[in-house]
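By written order: A, B, C and D. Residues from 1 in each chain.
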Amino acid sequence: MIIIVKDKATEKQVNELMEWLSGFNVRTNLVTGVHSRIIGLIGDTTSIDVDSVKAREAVEAVKRVQEPYKNANRRFHPDDTVIEVGGKRIGGGSLAVIAGPCSVETEDRLMQTAIAVKEAGADFLRGGAFKPRTSPYAFQGLGREGIELLIQARKETGLPIVTEIMDLSDLDLFADVDIVQVGARNMQNFTLLKALGRCDKPVLLKRGLSATLQELLMSAEYIMSEGNSKVILCERGIRTYEPETRNTLDISAVPLLRQKTHLPIVIDPSHATGLSSLVEPMSLAAVTAGADALEIEVHIDPKSAWSDGAQSLTPEQFRASMKKIRALESFVRNEL
Amino acid sequence: MIIIVKDKATEKQVNELMEWLSGFNVRTNLVTGVHSRIIGLIGDTTSIDVDSVKAREAVEAVKRVQEPYKNANRRFHPDDTVIEVGGKRIGGGSLAVIAGPCSVETEDRLMQTAIAVKEAGADFLRGGAFKPRTSPYAFQGLGREGIELLIQARKETGLPIVTEIMDLSDLDLFADVDIVQVGARNMQNFTLLKALGRCDKPVLLKRGLSATLQELLMSAEYIMSEGNSKVILCERGIRTYEPETRNTLDISAVPLLRQKTHLPIVIDPSHATGLSSLVEPMSLAAVTAGADALEIEVHIDPKSAWSDGAQSLTPEQFRASMKKIRALESFVRNEL
Amino acid sequence: MIIIVKDKATEKQVNELMEWLSGFNVRTNLVTGVHSRIIGLIGDTTSIDVDSVKAREAVEAVKRVQEPYKNANRRFHPDDTVIEVGGKRIGGGSLAVIAGPCSVETEDRLMQTAIAVKEAGADFLRGGAFKPRTSPYAFQGLGREGIELLIQARKETGLPIVTEIMDLSDLDLFADVDIVQVGARNMQNFTLLKALGRCDKPVLLKRGLSATLQELLMSAEYIMSEGNSKVILCERGIRTYEPETRNTLDISAVPLLRQKTHLPIVIDPSHATGLSSLVEPMSLAAVTAGADALEIEVHIDPKSAWSDGAQSLTPEQFRASMKKIRALESFVRNEL
Amino acid sequence: MIIIVKDKATEKQVNELMEWLSGFNVRTNLVTGVHSRIIGLIGDTTSIDVDSVKAREAVEAVKRVQEPYKNANRRFHPDDTVIEVGGKRIGGGSLAVIAGPCSVETEDRLMQTAIAVKEAGADFLRGGAFKPRTSPYAFQGLGREGIELLIQARKETGLPIVTEIMDLSDLDLFADVDIVQVGARNMQNFTLLKALGRCDKPVLLKRGLSATLQELLMSAEYIMSEGNSKVILCERGIRTYEPETRNTLDISAVPLLRQKTHLPIVIDPSHATGLSSLVEPMSLAAVTAGADALEIEVHIDPKSAWSDGAQSLTPEQFRASMKKIRALESFVRNEL
């Protein structure tokens, strides 16, 4: 951490600052130039709050040199994390495909969709039992019954299941779920993250609508610092001014996160674009950029879906896309 | 709601669409032009999901005419809502000032700050017991003890207290709190909102970092649709590309929300700007724009604050600002 | 175009509105419901300004049904535009690679880079002679001499050249340039666009830092409406709140623009990310998403570049990336 | 400027870096810690390009300590700049009001509006002769004739005139204009800025739609570094994701720019909000926040305006707002 001292700071203020800093178990190093004074902190600065430093009278600006996350940091964990669950792997070079409806709606629809995505080559079944909806008047999900239907679908197809938790109070219902998803709106629900950190269950953590990549990694750190290192990061589009797509898919997050962390990275092209016609090209782009997994919405009959129909693929569309995705995966792995 | 039909939609598809729509208890009206067909829906469309409509094959685009919120809508509730709590009012023409430290730290510091803000003319005491922090290694708040200290400070000063809830499981601890705050990161924690909707307690709801005003109002609607109409809206800066301020304070939210809703509107210049030197000018601007309340961070010794010191005023600064704020309030009310 | 009439509009106001609209050579169609009145406009509404309609007293809201661009619109020009210049093609299924230094610096450096990119398989040579720099104290480009050096490099390598125009007054200097580039900062320099519309020269038009895709297409329309239909669109990253990358590359722009327009689409991963380590993965992702061309910065010695060194590839890096790009191009064309 | 050296950088690389830096006429200071090495640069770093530094192999990150602008910097010019033109002042404590139509349309309309805004207390007349319009099919302004009409209106009312230049080639037409406006889309049209820097005429420089405040100041620096120090900065709303307003007015820009620069600051609430109903409250908020001037659109008959009618005030509305604005101005100056 580097601290730039104010031009007008008195020697007394600087000394107080140095003394205060020395309480953090780091070494300080003051460089005095003609027009500026700089303090370098040497040691583990993870626990030093940048805002607290900025609040000191003598401080003009602060710059962190080291990332404030440890467990999620590739610097300290050079090998890729691979998550194994239900006989499937996410991370470490293969491509996992998570597919299924936005919401679990009826037994019949879910089973048909589950069978269809299985046949098309999906590795995981997704489906929302608890649905975060902007409007209180929109369908809110089937809740417990939805999870039961997912478990039944797993029995029928063998696909491990991924579903979203919206509140800590529902945690017991997720005991038999394979991967617990934390939605974008809950990426900084820190109480929930800590509780998930005390479970022994993979967590698929979605990037918030306006979260920086560092904030995403800090949220992963919340889970990991409690002991659960099975975190999967998901880029699902960020909010920008562009109105044509629901969000803007930040594919550069894939190679960038790859540099910074050892955790696997999923791309969700369905929520990112909000348009079914963009799901295939963005899936292919994500595979090429190195994503470890895709999360794709598939509905047996999108036009009658209770939520997010406009972005869902039909089983036929998904099957056609999967052929290309698998062909590309193989090409990327073997030829690039 | 207006639906624009695709150029290429067949008559059969359009008929199916019309039939499906008629199931929502609204009347439909098809206008056929030379190059385009439009369907107008007449009646209460609140429960119709725009995305579901978009997913129908025949649909090119959809535009909502009426706002999807009812309880928060000024159209149906023309009179300003006034929240009365602990002998103080928010809304309805007066200006309430909520002040206090970012976090409750120690009994001594809180009491000193509480007394100082009371003397300077604040109406409410704020202080965080549960702190949403980006880093798991940063101070997370005193929790239950923090709330107890706030209650003690209320006893000493008479100021009603405002503090933030981070998770539903802590709700019991807030039984004796005057106003429960929902932070920006929880604005779309719908399970929490619904639970607060079943309390008889004012809720101060902060706008999410990248939430639209309509989404803020929909979150208010979540609380109100469960029966609690005591909702206070808070603009606290939105995330933009500008790096000089922590967020960008959207003061135009005040007159705009005033048109759309009857709920009171608070401005938080401290979190919005992140810079103590901007708190006074932005407070004054907010008062002029018609805010019902201000929420200002004050710390007995900002440079030693455990969180957000850079944006906190000292008691002296707060006192000086309050003089101007009260003088301006009186001028705005009587002369403009 | 659809106009939603205000609840409180009088019959007289509505009649005035209808009469005014009829002056635009379109047919109007008033639908009267119980709670709302809607006017549908039928005919060519391109010349009707949405803002002017909104300003009428009786108008609540306006929604355009048809896109306000004609020449750039795929609806009216279903076949892909292919730009042929100097024996090379952009658009229509092949992949063109434009490569070279950010700025033209010295004859020696430019020639070495030009030869290197030619050998690695580039189709066009890029290089800035006029450089838009945030600071007046930064290197501003060699100007006329820079263009002369590019022409010389073309003579030596046979590569057609692409270089940026910053002001109309320099237009004569571009007489012998193959493709004139309009930078992001000039995307809405309408006087310049119109002048380029009167040239018979391909224009590579970069998306503004915060321009919507529709605004990009409207800027293309400025050029095309003056007679020049040789417009190439370029996505080069948009400004968001994310600090890790210079901008956020919006790859979904490729398939989305493909639907809306027949014009070729270029991706510039160098300016979009600002990081040389992201150039290869984002280039590959762009190829998979269907881009017609890539624009990549290559410098003979990035660490000594006078501008944008941090995002430039070395010739060796470029050569290695080109092998992957060409292999992927062939796979995408033949196998996907 | 502070340079953080990469962990893995060799001693040879660091030495090369130090040597290269010493060529910029600054002193370097290397601090070696256990885990990190930092180089501090002491002296005038304005001419050092951050990107060039980042491109050096040994460099991990760079942080500028001093602002890269000199002429616009309050640090070197502590006193407020006051612009005097046509007997009116902008800056230095008074409040100037610039009012008039978006576009100059007809002689009759302009004269009526000019007389009306004069009577209501405006100090300057604004009006667009060259109009930057998103669509080539929209009204583009009267050009030369528009400027002639403005000059005529000045003769009749005595109000100095403000009008926008869109291209350098039109510069001669502005010889008799009092203040030349540079629009948001041209904020980084550097060729135009430099040319205006060689004129002896006040320039009203609007912030780009997604420009940072530092970029705005760097654009001012372009003008000033050529010799013209009469620059007026204008905040007119920035582009965000919020759809209710055209842009988001960043009022915090006023006190923040006040700290950083001595140049006068104008707020344009009309373009910022796009809604006439928000012009008055945002004007009042801007005055309270310390703006030196307001730029307000007024049209004799907004509903028939050829551009931007939805945001224009009628003369009656403007008169009523001006009463409040002047009353508030006096209160703010004397009582706050």
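One rule holds for everything that comes next: contacts are C-beta pairs under 8 Å (C-beta built on N, C-alpha and C of every residue); 3 or more make two chains touch, one makes a residue touch a chain.
Small disclaimer: the values here were computed from a predicted structure and weren't measured.
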item	value
For chain A and chain B, chains touching each	C, D
Chain of greatest Cα-centre distance to chain C	B
Separation of chain A from chain D, taking each centre as the mean of its C-alpha atoms, in whole Å	39
For chain B paired with chain D, centre-to-centre distance based on mean C-alpha positions, whole Å	31
Intercentroid distance (Cα basis), chain D paired with chain C, Å	26
Sequence positions of chain A contacting 2 or more other chains	210, 239-241, 243
Chain D partner contacts - residues on chain B that touch it in the complex	210, 212-214, 238, 240-245, 248-252, 254-256, 259, 272-273, 275, 277-278, 281-282, 284-290, 324, 327-328, 331, 335-336
Contact footprint of chain C on chain B as seen in their complex	2, 4, 27, 29, 31, 33-36, 38, 40, 42-43, 60-61, 63, 65-66, 239-241, 243
Touching residues on chain A, where the partner in the complex is chain B	46-47, 49, 51-52, 54-57, 68-69, 130, 132-140, 166-170, 185-186, 188-192, 194, 208-210, 215, 218, 221-222, 225-226, 239, 302-303, 305-310, 312
